[in-house]
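Okay, so chain A shows up in both of these, paired with chain B first and chain C after.
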Partner chain A sequence: MGPLIDCVFLLLIFFLVSTMFKKEDRDINIVPPESDSAVKLPPDDRQVVVGITPEGEVFWQGVSVSRTDLHARLRTQAEDDPEKRIRLDADAQAPFELVVEVLDLCQFRGLQNVGIRTYDDRYNSK
Partner chain B sequence: MKRRQRKRSSGNCEVILSPLIDCVFLLLIFFLVTSMIKRFERQIPVNLSDGSSAISVEAEDDSYPIGVSRDGTMFGPGEKNRYGVMSFSPLSDPDGFLRNVLADRGTTAPITVNVEKGTPFQAVIKAQDRLEILGFKKVRFRIRDAALASTDASLRTN
Partner chain C sequence: MKKLIIISIIIHIILIVVLAPVIKTRMVFDVEKEAERTAEVKQREQERNEQERIRREKQQLDEKTAKMLKREAEMRKKEEITREITELREKRDEMMERRKTELEQIRKRAAKDILASEQTEINKLAKNVQKHLEEALKKATPAEDPTAKPSELREMTTEVNATMDKLVEQKGDLTEIPELLTELDTAEKRISEQMEIEKAQDQVRSEMDLAKNDLRKAKEILAKMQSEGAKIDIQTMNDTSTAEADSLQPPPSADSATADASEMYQEASFLEKQIATAKADIDAAREAATQNRSYAEARKNAVATVPDRPDLASALSAKAPGTVGELNEFREHLNQAENEMQDMNARADSALGNTARRPLSAASFASGAAMSSAAQQSGKFGQIVDMTSFGNRDGSAEMREESSSEGSQMQVSEMPEALNIDEGKIISAAIPGRRFTAESLRKGWLYLDTWYVIGPWENNSRVDYTVKHPPEFGIDFDARYRDGKFANQPGHPYEILKWEFYQSDQVRCQPPKVFGASTYYAYTDVWFEEARDMLIAVASDDASSVWLNGQIIWQDTGQSAWALGEGYRKVHFNKGFNDILIRIENGPTHCVWSIVLCPPEMLNK
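Presenting the complex of A and B:
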């Protein structure tokens, strides 16, 4: 009986730790815009998340990047897999020209599979 | 009277493990299931313009222009001045105005939203929602440096 309990406890701790790692991976402090016309999509763990804060700071997978760095990363992404999903997490108060700038960059690099994240009660809290 | 003597079985003392294992299994299955559930997330799919539109010689003027200012007010198009600059005026009943546009031009005719520079993203999404819910299928966005409200007053006369 003892080894069985050891094994089960090990699995339990593994799942506890792995679910906790997932949460703090890509979090940035933004509130996405509310939209009634957004579509529900199944989440894709492999998608690239680009974030924009109200101050105009741009994040790549939760890491703050400069415009030059963003260019380089998008270029690398386009070379590796141009069909990869890009999710744009822009704050509701971010200036629209910044959103357009990032969308333009994606278009320039040939990344066409882009979506804009919107507010969802189950995920976000104000 | 004989006193009943309890036999103490000191050698058979053991912890009951079954409830403990039940509890641990229950926790294990809970974490397994919660980590595997694929929740849906809400997104707006974007169709980015193709590269050819940037190098086309003739401007596409088949779309109907409207405007969104920094405070989220929607503007309708007015007349063009002699320099070809479109004037915009605020709409008192945006839904009614857009329904008329929809009735005139149909759902597949493109509509271009001129967004003032510095407009919060939420205001643009709100305008996009309104157009989407009314039935517009092709919505384009462009950034505009000059304030929409100043188009009438700022037109040059000389």
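Presenting the complex of A and C:
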């Protein structure tokens, strides 16, 4: 009985610890806008994250990119997999025209599966 | 045994309690207090982390360790950087190969190629002469007996047609011009004599008179070709020694196996500059071909645009870091170098895509010059010009590779010469868009509402298309231009020019901020589900030039108010993405443009 309990507790501890392993950080330091009607979706590691900071800097998967590079990457992404989920992490203070530009670009390239990340008090702080 | 079990359980419970803070569970508290406490804890943690970071960064490294860590950091990034530089080398080689081919075409250019646009005009006039004479013959034939064609008129028509065929076949060969001029004189005399004979028949005479006028015009152009041809110094015009890409000084060659990151970054910077310079050499060749200019003159206007890059070569070649902070900075520079090289590759792709379109060939001289000439708006309101049928007398495709695309069914002969449309009806009915499918095209008129706009540059209230600005050499959304209208006014919002995203809610578009006596550029791309021909209506206040996939399709001069239906072009769009660049020349006040598309077959509905 003792060894069985040991095994159970060891397994429990193992899973507790292993779920804390660090994943590739594609998030940037922003405060997203709030929305009451946002839909909660399960996390998806395969989605592409496009970030926009308040200064208007654009990030692709956590890496700063130029506008030319962003156009090229979206074009390539649309050719490879137009159904890929794109998550737009735009800061609440990001220039609105840049957000519109990125959304328009995604739609124009045929990337229809685009979502905007909103504030979640479990993950963000103001 | 029991004791052991109990001890085991107690130990496990202690372990779980210790690990409990790691598990994110919600307990029922005062939420606000919890949030405050969490914020404070986070704040303290951040401060602690920051202090720890500063302490770590000031930590000294001994030379051996520093060198080892630096080498290790480089090795980690080596694979990515090597991949980027290999791709960049391949793109450079491809660009240089294209450049070599196009410069070769310029070097082989003959005097007749320089005069290609005149030859195109002569071909058109010769065709008109033949058409008028055929009409004259038709009108001279009695209706009750269509087979009884007047023999003298028929004979004269045959002789003149033969001369016209010869005129077209000489294809600008200057040695044949004197003989041709004599034959044209003879043909003109024959027509005059026949007109004397046909005195009673006014309709026949009028057709012959038209034929004679066109023949005279062809003679004048031929004589001009002869005098200009004699003045052409073809060697000077074709001299491509001002091409620069192969005379750039490369850095010491970096062997990927032994080179460090600094050497590879230096080489990447050089490759980027060489690709941009090769593109400028190619652009100059195309300008020389289509505008009948000397290569040297065209090369003066071509600009090799290379973005300002951070000087990472020095940062990466610095001596081994002395502290952990310097080592982290070095790692940051490596990441940045990789990003910069990825950006270089993206730009190289764009430059290659740009030059792949319609490579220069021997046939380009005639069609390019003719296209430039046809793009000119003649002033005839509502005129339709078919740009797809360029280069071939039988109207088959020049702009498109196959004649099977949609919209091509409406052949040149079916299209009206001019179109008069209800402007108000189109403005109210046109829908915006940039992606065109069979479904959207059935809706008729569509307008382009999304643009990237840049400007103003100074135009001194004159329309001068020979003065070119950077967007005509390549579209770079990250570029910052310091040669604009307000470049010498520090602090002016348009002191430095950059591309701005713009969407219009109506057919007419205008720059975000309008200044008089200015030049603006607007760029967009459009997507077509299938390749097809479309009617495109360009209107602007004041003058504008439009390029579709790098080919000029519209150019007007002079100040004019915006009027939809100023002129139309039938153009070919490729399957997939097509880019459109418009240059708008603004006079004193309003600056407005519009581009509206319509499938040609919809005109019949």
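Just so we're on the same page, the second predicted complex is superposed on the first by the 102 of 126 C-alpha atoms of A that agree within 3 Å, B and C clash if a C-alpha of one lies under 4 Å from a C-alpha of the other, contacts with A are read in each partner's own complex, and residues count from 1 in each chain.
Please note the rule applied: a contact is a pair of C-beta atoms (placed from the backbone, for glycine too) under 8 Å apart; a residue touches a chain by one contact, two chains touch by 3 or more.
Everything quoted here is computed from the prediction, not taken from an experiment.
Contacts of A:Asp6 after superposition on the shared chain: chain C is touched, whereas chain B is not. Contacts of A:Glu97 after superposition: both chain B and chain C are touched.
In the superposed model, A:Leu16 lies in contact with both chain B and chain C. Legend: residue contacts after superposition of the two complexes on their common chain; A:Pro33 is shown touching chain B, with no touch to chain C. Greater residue coverage of chain A by touch, when chain B is weighed against chain C, goes to B. In the superposed model, A:Ala72 makes contact with chain C only, not with chain B. Put simply, chain A uses residues 1, 5, 9, 12, 16, 97, 100 to touch chain B in one complex and chain C in the other. By the touch criterion stated above, chain B contacts chain A in their complex at residues 17, 20-21, 24-25, 27-28, 31-32, 34-35, 38-46, 48-49, 51, 115, 117-126, 128-129, 132-133, 141, 143.
Residues 1-2, 5-6, 9, 12-13, 16-17, 20, 63-69, 71-73, 75, 97-98, 100-101, 104, 108, 110, 121, 125 of chain A touch chain C in their complex. On the side of chain C, the complex with chain A involves touching residues 1, 4-5, 8-9, 12, 15-16, 19, 22-23, 35, 39, 42, 339, 342-343, 346-347, 349-350, 434-435, 450, 476-478, 499-501, 503, 525, 527, 577. Those residues of chain A that touch chain B in the shared complex are 1, 4-5, 8-9, 11-12, 15-16, 18-19, 22, 33-43, 87-88, 90-97, 99-100, 103, 106-107, 112, 114-120, 122-123.
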